[in-house]
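Both of the next two complexes hold chain A, though its partner changes from chain B to chain C.
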Partner chain A sequence: MTAVESAPIQPARKASGRPSATRLLLNNTLATGGLVVLAAIVLIALAAPILPLADPNVTAPANRLLRPLSEGHLLGTDALGRDILSRLIWGTRVSLLVGISATLIAAFFGSLIGLVAGYAGGRIDTVLMRGIDMVMAFPYILLALAIVAVLGPGLLNALYAIAIVNIPFFARNIRGITLGLARREFVDAARLSGKSNAQILFIEVLPNVLPVIVITMSTTVGWMILETAGLSFLGLGAQPPQADLGSMLGDGRKILFTAPHVSIIPGLMIFVLVMSINLLGDGVRDVLDPRLKSGALSRPVARTAVTRQGLVPDAAPDPAAVLDVRELRTEFHIGGEVFKAVGGVDMRVGKGECLGIVGESGSGKSVSAMSIMGLVPTPPGRITGGVALLEGEDLFSASDERIRQLRGSAVSHVFQDPLSTLHPLFTVGDQLVEAIRAHEPVAKSAARRKAEELLRTVRIPNPAERLKAYPHELSGGMRQRVCIAMALAHDAKVIIADEPTTALDVTVQAQVLSLLDTLRAERDTGVLFITHDFGVVSAICDRVAVMYAGQFVETGTTEQILSSPAHPYTAKLIDCVPVLGEPDRRLDAIEGRPPMVNDLPKGCAFAPRCPRARDTCRAAPIGLTELGDGRTVRCLYPLTEDGDE
Partner chain B sequence: MSEGALLTIEGVDKTFGGGRTLFGQPRPAVHAVQDVSLDVQPGETLGVVGESGCGKSTLARMIVGLDAPTGGRITFDGRDLAAEAGRDLRRLSRDVQYVFQDPVASLNPRKTIRTILEAPLKHLTDLDAAGRRERLEELMGAVNLAPSFLDRYPHEFSGGQAQRIGVARALAADPKLIVLDEPVSALDVSVQAQVLNILDGLKDRFGLTYVFISHDLSVIESVSDRVAVMYFGHVVEIGTSRSVFGRPRHPYTHLLLNSAPAPGRRSLSAEDAHTELPDPYNPPPGCPFVPRCPRATEICSTAMPPLEGEAADPGHRAACYHPHEHGAP
Partner chain C sequence: MIAYIAKRLLAAIPVLFGLTVIVFAIMALIPGDPAQAILGNFATPENVEKLNRDLGLDKPLVQQYFIWLGNLFQGDLGRSYMQNRPVLDIVLERFNATLILAGTALVLCSVLGLIAGVISAVRQYGWADKAITFVVLIGISIPSFWLGLLLILVFAVNLRWFPASGMYSIFGGGDLPDLLHHLFLPALTLAVVATGVIARLTRTAMLEVLRQDFIRTARAKGVTERSVIYKHAFKAALVTVIPVIGIQAGFVLGGAVYIETVFQWPGIGSMLVTAISTRDLLLVQGGVLVVAAAYVLFNLAADVVQTILDPRLR
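Coming up: the complex of A and B.
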């Protein structure tokens, strides 16, 4: 053991690339606007007792229905001569207080019900949620009216009514989230750590639900203010002489035509208040909702952006290659940082040949493969250099229309998860027919016959019946066969298969591999095969490229690489996996982790983990060296065949 | 069952669903584990291997008390495990712990590692605050992580580091038996080896017994003393790792071993596409492997074959009417 291996691993402090929640919120102009307006309203409402305002409830019949901007009454007076400005500010205070309290009450009880129902499941869940369903079955305002009718009119009772009516909304939202969390492994782990149910629910689950509660609150408080206003408007909320926005509106209703300002002013206030709350609420939701966090708000375009600057190698196409990729560079630009996911990769696939790309996750295998047909999402991805030649045609400068034609016909993809290709709501037959007709103007019936033929090609028993099946009715192996059938629909010249068997069981994996192997021989299709497993490589690949930190570190035939790896990383990667039939082999772990591709070292990217590293390795980028027989290696001190250590 | 076993599982069944609906309709039941019997000796690693859905995880969850068996008996150290788990899971959790497949999902994203690792120390041991602090450092050392990690959140960790924390949590209360459910399957190959080596070291250091579950034959072969092969809820073959991998008797074990890719192995034996499992809602009366088995005869469909030992090696048992015979080892 070297010192490197035995030293405990130290955390690597990485600069957090994500801006703080507050900054995200302030970046949203609408939300910031909402925040400013709301803050102003709240401050004024809070300051009501110390502001030089007239008493809101003092009537002065002599001064009734004064217009706005009249002497001493900035916003005029109402039918009883009360000062509207004063009533507006005091009324806003009341409406805000009632709306927020109702929200808090509804959030508390609703969330509690949702948490308990979602966590307990079974009977308790059924009983609680059926109760909630019953509450929801009544029209909203009718229920509130009924509650007030029972409790009697009054502001406090209106508050209860609004809160009760909104409980189901919280309960359902929170139950859904809790249900998902309660089945998560960390909950089981907490149970095995000795925690009681209550401890798990409130210490483990609740913190994960809290953001959702806050989101739900921020998006409902506006509604609740409106609803309170509605009840007061009907005379069921605030009782005279107390003012709230709804009752002011109600007071003005009868004289809408003679003195419109009496109702328009509180109406405008309600509008501004609710609008500002909702804008802010939407902003808060966008910040807290994890799905919207990663910049997913900007929809990616249909094809990876290509920004090659003088980095186009002048390519004399290799006539023997169907697919010939040179010097491919693909980067992700995220928050001012550049992740060089692919840093100059050459891939050549001949007719009927299978090229394997092997490497650990994050090494750039998928991005390399996805770049070819422009499937890397932009933003944040972009191709910054290289060419990809499909039988001599540069794919990176082809038109969008041309790429659309080629996708799924000349070049097709098979992914790790068949469900990412298959639509859950259409039958396998419909999807195959659509894939066929997308590139070939044939009648439906002809396409259907071809679909059946394709399923037979991928050795699916009873194909006519299987055409009618939905994806979820098939096993994982069958689904992957359907995806392969789809990839074969148009005599593909190249199939790009990204870990197509990783999610499959060994016996099924063996079938799918032998199927792919037979098909490529029968049809002379080139295959670009991505995997992390040298066993799988042996079963199907003619040539292999080993990838590390965005670059190929070694290429050669499968036999060469497996029997005499030249790059220290390849050797270590082979030695760290247990091999069937050699149980006593010592597993030689590779300590440490691959470098981050936004912070690559100047020299060899493997140097920090390499037992052969010397100072020269770290000094400058390492080029690929030809070893003859089409073998290349990116290392200054490669392992030689006679196995020097 | 055999004397001195730490864990004994006798005729255990687990069905999910079933019962009746509110209106008295019978609900369909999935038979996840059927009539499984095996025992685990102190200090050994029992490997459990099988394909997805064969009941490995269900078996694991029953051993740690997260699920209760619907039939049969599980005994740990002479105690009725299922009854004890129902009454007081804490008592069982002091002795039997679990390592999860998905290391990141098994850590609460909103808790620091310190909080996560302190939970078992607080609830399962009598250590005081100082004792806990000492034990935390010891645990981090045991899984080769710097103590400065303690105040980090799970998302700051790679899969391999997160799994070491999962192992540290399982170790915290000083258990006797740890059930590892696919502990390295979600990890990159280079990291797998790190975790496997750490697990190996801990076993000797703390005198642990492992039940190690995986779908990966080569991993199982390299870690196990004995191996149980599961198919469709049944244990179909069990024996020492050497005999099961060296002289497999059950046709399914043969198929598994011939399907597994290995570096340098050019062709894998692939069956035809008829690999569908029988309907778990309605298991067949006989051997579930019949539709895929090249050796099947009529008798195979009549009743489930018993798990029987080989004449030359009684500990190497297979549930098959026509097992491969190898003669004396």
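Coming up: the complex of A and C.
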């Protein structure tokens, strides 16, 4: 899971709206180009017998080594006076045939081995895969050479050799997929219904594996054409009078200096052929394996993009607040759809105060918190409205360098899963030292002493030793203490803690919470605390905001909210707090799911799950109502009104 | 870590044995009388008889393998009937040249591939990324033996910047600058495909790493963006790229067959091609075995480097 809870921001899968595979393929310009070129080459090669071409094998010593564009010989002639154009087309035919045959053979045997190994598992799998590993321990072309050496030079033997050395690629890929499929329910179901293993393998499993076979074919066929041409080039493949592109190139090489066109032309043909196949192959892979599609892997930039439209809210800062966020809006733009992850949120954190933001995953609570220091990944995220004032300074209009200076010094973060948030390849000490030196120009040794001191502050025993440890060598609780130590490196004014205890077990959770609470009191640091757990809230937060579908639905002091929740959603959340002896009461106990934030209802977002919902709730947006004592609620029929429940 | 490296070394032993099994098995596939095939068409019946006895070719296959393996351990890979010299001598003599060529190419493709991949990832969708992606695609699709010929035409024949063939100048030279001068074109040609593969992979690895939580942590600490990319992200990406560099060693060693032929480089690759056309099978066997063993060692080295970089593997 990345910086944001991705659940609500993924586009809903619309069965009808999804473009077909062919459409997707054609959308890719390069792949289309490859397809067109390849189709043209294949058509011309197929049509060779009916094209008005010179006989490729008729020699004419008088016409030898004519340059391209000579009369009657568009591409000139070779050392024996044979027409190069004609030989090129016939040679392409041979090369294509050999390459495709080799691919089919490799795909057949490789897939068979992969299917059997993956499906059978256990001993059979081990033996087959060991064999495959051994073949792969050879440099690819060398093995082909050895096979040709034994079988003797010749096009057919070259074909076998290339097919054999490519079998492992298929076997490995297909085994991986089959292994996963073999443990799936539909396979169990088929087995229970009395189908034989062979039937299951070929009727149930094979169709699911087919895309992988196609992908592997499309990525290997280019190589196979290239390698068979290579063997022919070395004189080990096609033997005269038979000629493929490789042997034409090999022949031409002898007269490279006097008549370069004889070798350049067939080489160019191999290149164009393989390139078009690879372009098409990449396109096919993107379509069949959408995980790899380039768009899914956009690089997040250093800071969330800010594109505030309209008026920036009146920025008269609240003097009591260290951090004062108003009307924050953060959106995710994915494939033409807009996901309003945060739809206008106000957060105020005073000195030494802890504000808790509570909600289910996907409510927008993490995105709200991460927006403050620009840590929401862009693309696809962007801040589209609001201000965030840190002691009066507008963070959204600050320069990138200013934000970098504030990150980790004035505002620091503690994240959820300390294993994935610490760099796995650097020692804890190095990472602490880096945090210190990012904002303080001290020598490494001084920084190390400070790091040791910090570890002592967060009650890590034996700090000097621990500095040398890598994150994976520490327990979850220790790792989170390290993260907290890092957040304390520079007397932060505000610590933003995003579910800092969620990944920890209950006793460790309590320790880490009390540590945070003590440090906050000692240092007068404001804390913005994100959690889904009201149990945790009661342990540390002074005030609470409950978030649902990108908006706060209720705010107030922890005491008020816990003792008399006003919003039906808050009440449900509080019901979910685990009680000793009832371990099964968890957050997902609330029936129904939160709405998709790209398609919010007009009225109350909670209406579909709300037991008190009436028609009026769905009619229009619902504003925050003041309940007195600084409490607000976004509900037409709050629980506090009639006092029931 | 030492223990881990020792473990990897031990694990390489069965792989090396596997190689001998496969090499032996391939030779056992020889159609017809192997002794006849090994000795060629001009073999006298006495010689065939003698070879049959030496190699134990009248014994069952398994026994033959162990006889062969025993000879191998004594450094006896048989004799090349064409050159009438011990195979091992010829192979070792040639191996240096291949190692220089392939080693240089491997360094080139690692450095160029990593640089190109990182630039591509950092400038994702920018013109540099598009240009690199396209060049990489060309590099992966281009037949290296043809590229070699083109480079010879341009840089050796027309511009006369580099020599077209050989490892040293025939008259004079023979020192390091002379070697480098001869090495440049073939090493570059040999590196092209692997550079493309490594660049592609580095780009993907960088993009993947840059989405990881620990990158967000680095940014949250206020580390400069440059250090985020070149220190935090690059080190993590490197760990996934290094095994692939190990695998590329196989493609480079194999590709050397073409490049050595094109540039008449006196290595094992060009030797193999000649040996195959003259059906000098024991020489082929010896050459294949040595290069394959070198590949295993390259992979082992990649493993060790990865262990040094990634403490989780220790």
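Quick note on the criterion: the second predicted complex is superposed on the first by the 467 of 645 C-alpha atoms of A that agree within 3 Å, B and C clash if a C-alpha of one lies under 4 Å from a C-alpha of the other, contacts with A are read in each partner's own complex, and residues count from 1 in each chain.
Definition applied: contacts are C-beta pairs under 8 Å (C-beta built on N, C-alpha and C of every residue); 3 or more make two chains touch, one makes a residue touch a chain.
Bear in mind the structure is a predicted one, so any value in this text is a computation, not a measurement.
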| item | value |
| --- | --- |
| First (chain B), second (chain C), both or neither touched by A:192 | first |
| Which of chain B and chain C A:491 touches, first, second, both or neither | neither |
| Which superposed partner A:412 touches (first chain B, second chain C, both, neither) | second |
| First, second, both or neither for A:599, with chain B first and chain C second | neither |
| Partner chain(s) touched by A:572 [first = chain B, second = chain C, both, neither] | first |
| Chain B versus chain C as contact partner of A:271, first or second or both or neither | second |
| Chain A: partner with more touched residues, chain B or chain C | C |
| Touching partner for A:134 - first (chain B), second (chain C), both, neither | second |
| Chain A-touching residues of chain C, taken from the complex the two chains share | 15, 18-19, 21-23, 26-27, 29-31, 121-122, 124, 137-138, 140-143, 145-146, 149-150, 152-153, 157, 204, 206-208, 210-214, 216-225, 228, 232, 235-236, 239, 249-251, 253-255, 257-258, 261-262, 272-273, 275-277, 279, 281, 284-285, 288, 291-292, 295-296, 299, 309-312 |
| For the chain A and chain B complex, residues of the former touching the latter | 8-11, 184-186, 188-195, 204, 207-208, 360-361, 459-461, 475-478, 481, 505-511, 513-515, 532-539, 562-563, 572-574, 576-583, 585, 587-591, 593 |
| Touch list for chain B against partner chain A, complex | 51-52, 61, 64-66, 89-90, 93, 97-98, 100-102, 105-111, 119-120, 122-124, 140-141, 144-146, 148-149, 152, 156, 158, 160-161, 166, 169, 172-173, 188-194, 196-197, 215, 217-219, 221-222, 241-242, 245, 255-277 |
| Complex contact set, residues of chain A against chain C | 2-3, 130, 133-135, 137-143, 145-153, 222, 226, 229-230, 233-236, 249, 253, 256-257, 260, 263-264, 267-268, 270-271, 274-275, 277-279, 282, 297-300, 302-303, 373, 375, 377, 400, 404-409, 412-413, 415, 417, 420-426, 434-435, 438-439, 470, 472-473, 483, 486, 489 |
